[in-house]
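Each of the two complexes below includes chain A, the first together with chain B, the second together with chain C.
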Partner chain A sequence: MSKKFYLYSVLIAFIVVAPFVFPDFKTQLATVWLMIIVALTWDMTGGQMGYNSLGNITFYGTGMYVAAVVTIALVYDVGEYNNAFGGGIYAFTSQQYFLGLILGTVAAGLFCSLIAVIIGFITFGLRGPYFAIGTLGVAIAAGELVSNWDWVGGGQGIALPVFPGDYDVGKVMFYFLFAGTGVILFVFAKWLYSTRFGAAINAIRDDEEKAEAMGIHTLQYKLAAWAIAAFFVGVAGAISAFQLIHFEPLETAYQTINLGIFMVVCVLLGGAGTLWGPVVGAILFHVFKEVTWNYLLGWQWVALGALIVVTVVYFQGGVVGWVMDKYPHWFGLSRVAEDVAEDEQS
Partner chain B sequence: MEQFVSNFGLLLEFPVVNLKIVLDGIMIGALFALAAYGLALVWGVMNVKNLAQGDFVIGGGYICWWLTQMGVPALIGVPVAFILMAGIGWIIYILIIRPILDRDLFTTLLATFGLAIIMAQLLNLLFGSDTQSVDLGYDTLYFVDGFIDVPIAKLLGVLMAGVLALGVILFMKFSRMGQAIRATAQDARAARVLGINTDKVYAFTWSLNAAICGAAGAIIVMVWVIQPFYGITHSVRAFVIVTAAGLGNLPGVIAAGLGIGVLEQYGAHIFGIGYQQAIAVILLLLVLIYRLSQQRRVRQSLR
Partner chain C sequence: MTSILDVTNVSKSYGGVAANTDISLSVKKGAITGLIGPNGSGKTTLFNSIVGYHPIDSGSIRFEGLEISKMPVQKIARLGLLRTFQQTRIYGQMNGIDNMLISLPHRKMRFVDAFSRNGSEEHERAESLLEFVGLYEKRFLRAGSLSFGQQKLLEFAMALMNEPTGLLLDEPTAGINPTLINGLIDRLRRANEEFGITLFVIEHNMRVIMNMAEHIYCLAHGQLLAEGTPSEIQNDQRVIDAYLGAH
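Up next is the complex of A and B:
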């Protein structure tokens, strides 16, 4: 039994008991998991592959809408339901609710993967800042178009049925849905980065032309990586839709300048291109966000903008990057000789 | 859907409506071109892609609006916004832009995005989230049986934009600093070797960009409306224009600016004002896809 085994066991145990130890913070903890999921998926293309997307929020919003539409379509006519805006006459049995939750979540993930492949086919020809701006454009356009689409409720959004059963049980269930998705994603990413696939996307980040010359089909790898990321973001969006019950397109689903930027900040805060960086960053970021929201009300957005600027400008390696630089032996790395020489000089 | 078709039919039925839309588009497009020229300047000289461009515009607009609330004539607001935004731009350069100048492009993009959030939120806290505009109180000219209305304020706005653009062009061409900026844009290292203080050039370029945007915003508040969160749309427009026109191509920037203005007015007429932001963004995507297909032909990607 190695040290690592104990570490992971303690972590898993903490994840399982957390909502019962801190019963007042169930929704907060679930949100932390949401942040971890979106940060990890962003890092998959951003940190590991060097394609900095500002539009991953598209998949979050699309996931929400797909899950909602699937759930409603199983029982009622979607257009009528949304025009009545939930109106009270549309009841869902608990069987219908859970069937919708499961089918909707899976459908959301698959549909978002498909969307990612289609969008990626165009946008992956763009490099660097053009890719970032292009994907940001996709996200804004998607939000605007959905908010003008009456079949899915237009600017008012969609109201989903409420969790059948005790309110608190629902909160615990949503916590575990997010936590489960997050753990699966983390394990999957850890495995993925250790395979040939991980090496290939790292090669694309380091030098795409050389990678292509080495015989890596870069477009296929890029599409696959983005499709995987989109799947998990879509699933997270679907769970969010059921957790929030009611969501509207611009502020909740396609929240470009909220969650869409938060996920990038999380990764940069924790350290891009590392496995633990997004996780650490997401937790730190969420704590920072909640503290500013509670104690700096009115100024919270200015504080967040300042956090983005300070992180990006003065602290780019992130927390994990900084620790890696200071204590490389913790990660089984040896320090680069010139860095050591530099330290000795100073 | 039927509404879009009937709106489109209206254009064919009354050709004079087209003339009005084109005129409106050109008048507003001139201001877009101004902000885009500032972006092309910092992009070309410093290789910084500024996502806070639109917020500089809105910031200048609020300076002008605030001055009129204080009883100052609105036309004075344009030079004041120019000078004040230059100062604000210089502070921003020292705090944020200088440390990231030689970092990768995504860093500058994200840092300026953070700046955009800060600026929009500060404006929101200071002035509230209502849309504001300044009424100059001038008459409106009517042509073709009142079908076409041209407010004198808008004509004045276009005129001021033209004067400002002309001033900037002459400055870039003939002044010592303008020459230094152009030299730095061509080859920063060679410029340093020849004794040009590139740090000063960068600081000046950035301030000039902020000042141009500020003046453009001060004009926009007189002919249109501003709101703290309209900045991102202006940034997107500036990106569309620069991406379509290319860097260092001033006639292209002006043409693209006017073109965006006209296309947006057509879009607003056919699809309704609710789609305004979507239209700006979709134009960006179309321009990117077009540029991309051009590059694909020579097996290159857009970078």
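Up next is the complex of A and C:
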């Protein structure tokens, strides 16, 4: 068995025992996984394909709403439920809860893929910063739209049923839902980047005009990549909805200035366009965020801004990119300078 | 012999600047055809028109009998008509092998094929073509770290990997060390003879184009000035005047 096998075994073992070894940090660990999921999916279009989206939060929010609506609709009338204002009593059996959790999560992923294709069809005509601003606009518009839609509770948001069972067991379940999704996403991304699909989206990043000139179906690949990313963000949103129990549109679901930006920072911090970069970045970012939010309260946004500035100015390749640059032979990249210099004399 | 590419009365202007006026030419199947002309005479504009980079104002462009003047770039590329760029374009962050593998002909692929890996057959083809252009030793270097001349060779190899029927080359020898040029001429010829690719070449280096091409078109001020065999072109007073600035 190779060294890699042992490394991955240790990692998997750690993931499994973590919530039991650190019982006070179950929700924190779950949030780390959420950050890993949104960072990895952001990197699919941002780092690997060169399309920096600021609108991926749309899928997070939409995932929450789709999961909630599906869960409620299985038992009650959605409009009535969301506008009861505490007037009615709506109980869910544990069977209804878990059915809603499963169906709602799957529906959220699929629906988000669908809207990614629709939004992508329009916004992928934009390049560079225009794409970023365009998708940001979509996210803000989606949040405003939903917050004015009474059927889904308007600005009040939606309250979902509570986990039927022990509170601590619920926490463990949500940890494993996020961790499972994260692991599946990581393995999927690792495989995807090794296929021709991965090569094609990298080609689009490096030179889209060249890719077009070589006959690559660029739009098809862009839509597929975003739809895949949206699926996982939607699933993460759905799980979050059940974990948070109550969410409202602008601050929780379509939280453009929080999670919507954090996912970008995670990737930049860890290293865009690498498989491990977003994972490393998400972990570092979350630790940094929790430390500053606890010990530098009042200055936490300043600290975050400073972190972004330092990353962008000094570590443009992120942590992983910086290590790759220093020790290319660890990654099987040979970049012998003399080789390049003697080029045309041979 | 039949022609593979027919350009008929094509005009293209940018605002008030007429880059191409009423140009008609045809490229014979299986041959090497040259396109020369002083700087700014509209050669690259004509190439861009042919491969669909911008719409033309009037005229018709046919590839293997099919009207392509209104098709987008990707569709024309998938028909088997490729171009290389004057300002070389390769995928800078990938290594040489990956650059070659991504250039596999997508017209022969279904969407599901994108989710499989390249087999040893594709790798061998990539390596043998890199060997063909003399870049085998550098195949694991990041393409962006190659010199300009090497990137040019890589771009040529990538075009061959795509198995086109017609290939438009925009100044293939520009920026390449003079001692390497002979080797490149030889490779272009072999690409033409062994792989059966029709070549249409923009070239400033007269020695190269006169050696290689069967038939040459000369543009000046956006208009077709002369055409003929290399020796006819060399002895054409109008061509000489255009190059010396008498026009």
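By our rule, the second predicted complex is superposed on the first by the 332 of 346 C-alpha atoms of A that agree within 3 Å, B and C clash if a C-alpha of one lies under 4 Å from a C-alpha of the other, contacts with A are read in each partner's own complex, and residues count from 1 in each chain.
Convention: contacts are C-beta pairs under 8 Å (C-beta built on N, C-alpha and C of every residue); 3 or more make two chains touch, one makes a residue touch a chain.
Owing to the predicted nature of the structure, the values given are computational and were not obtained by experimental measurement.
Which partner does A:Gln220 reach: the first (chain B), the second (chain C), both, or neither?
A:Gln220 contacts chain C only, not chain B.
Could you tell me if A:Asp207 is touching chain B, chain C, both of them or neither one (first, second, both, neither)?
Only chain C is touched by A:Asp207; chain B is not.
Between chain B (first) and chain C (second), which, if any, makes contact with A:Met64: first, second, both or neither?
neither
Between chain B and chain C, whom does A:Val267 touch in the aligned arrangement: first, second, both, or neither?
In the superposition, A:Val267 contacts neither chain B nor chain C.
Looking at A:Thr195, would you say it contacts chain B, chain C, both, or neither? Reply first, second, both or neither.
So A:Thr195 only meets chain C here.
Touch test for A:Val235: chain B only (first), chain C only (second), both, or neither?
neither
So, A:Val38: does it touch chain B (first), chain C (second), both, or neither?
neither
Once chain A of both complexes is superposed, is A:Tyr314 in touch with chain B (first), chain C (second), both, or neither?
After superposing on A, A:Tyr314 lies in contact with chain B but is clear of chain C.
Quick check on the complex: what are the chain A residues that touch chain C?
Residues 192, 194-197, 199-200, 202-203, 205-207, 209-218, 220-221, 273, 333-336, 339-340, 343-345 of chain A touch chain C in their complex.
Please name which positions on chain A make contact with chain B in the complex.
Of all residues in chain A, those touching chain B are 52, 54, 122, 125-130, 132-134, 137-138, 140-141, 144-145, 148, 257, 261, 264, 268, 298-299, 301-302, 304-309, 312-314, 316.
Would you mind writing out the residues of chain B in touch with chain A in their complex?
The touching residues are 49, 96, 99-100, 103-111, 113-118, 121-122, 124-125, 232, 236, 239, 243, 274-275, 277-278, 281-282, 284-285, 288-289, 292, 295-296, 301-303.
If you look only at chain C, which of its residues touch chain A in the complex?
Answer in residue numbers: 51, 72-74, 77-78, 82-83, 85, 89-95, 98, 101-107, 109, 111, 113-118, 137-138, 140-142, 145-147, 149-150, 158, 162, 176-177, 180.
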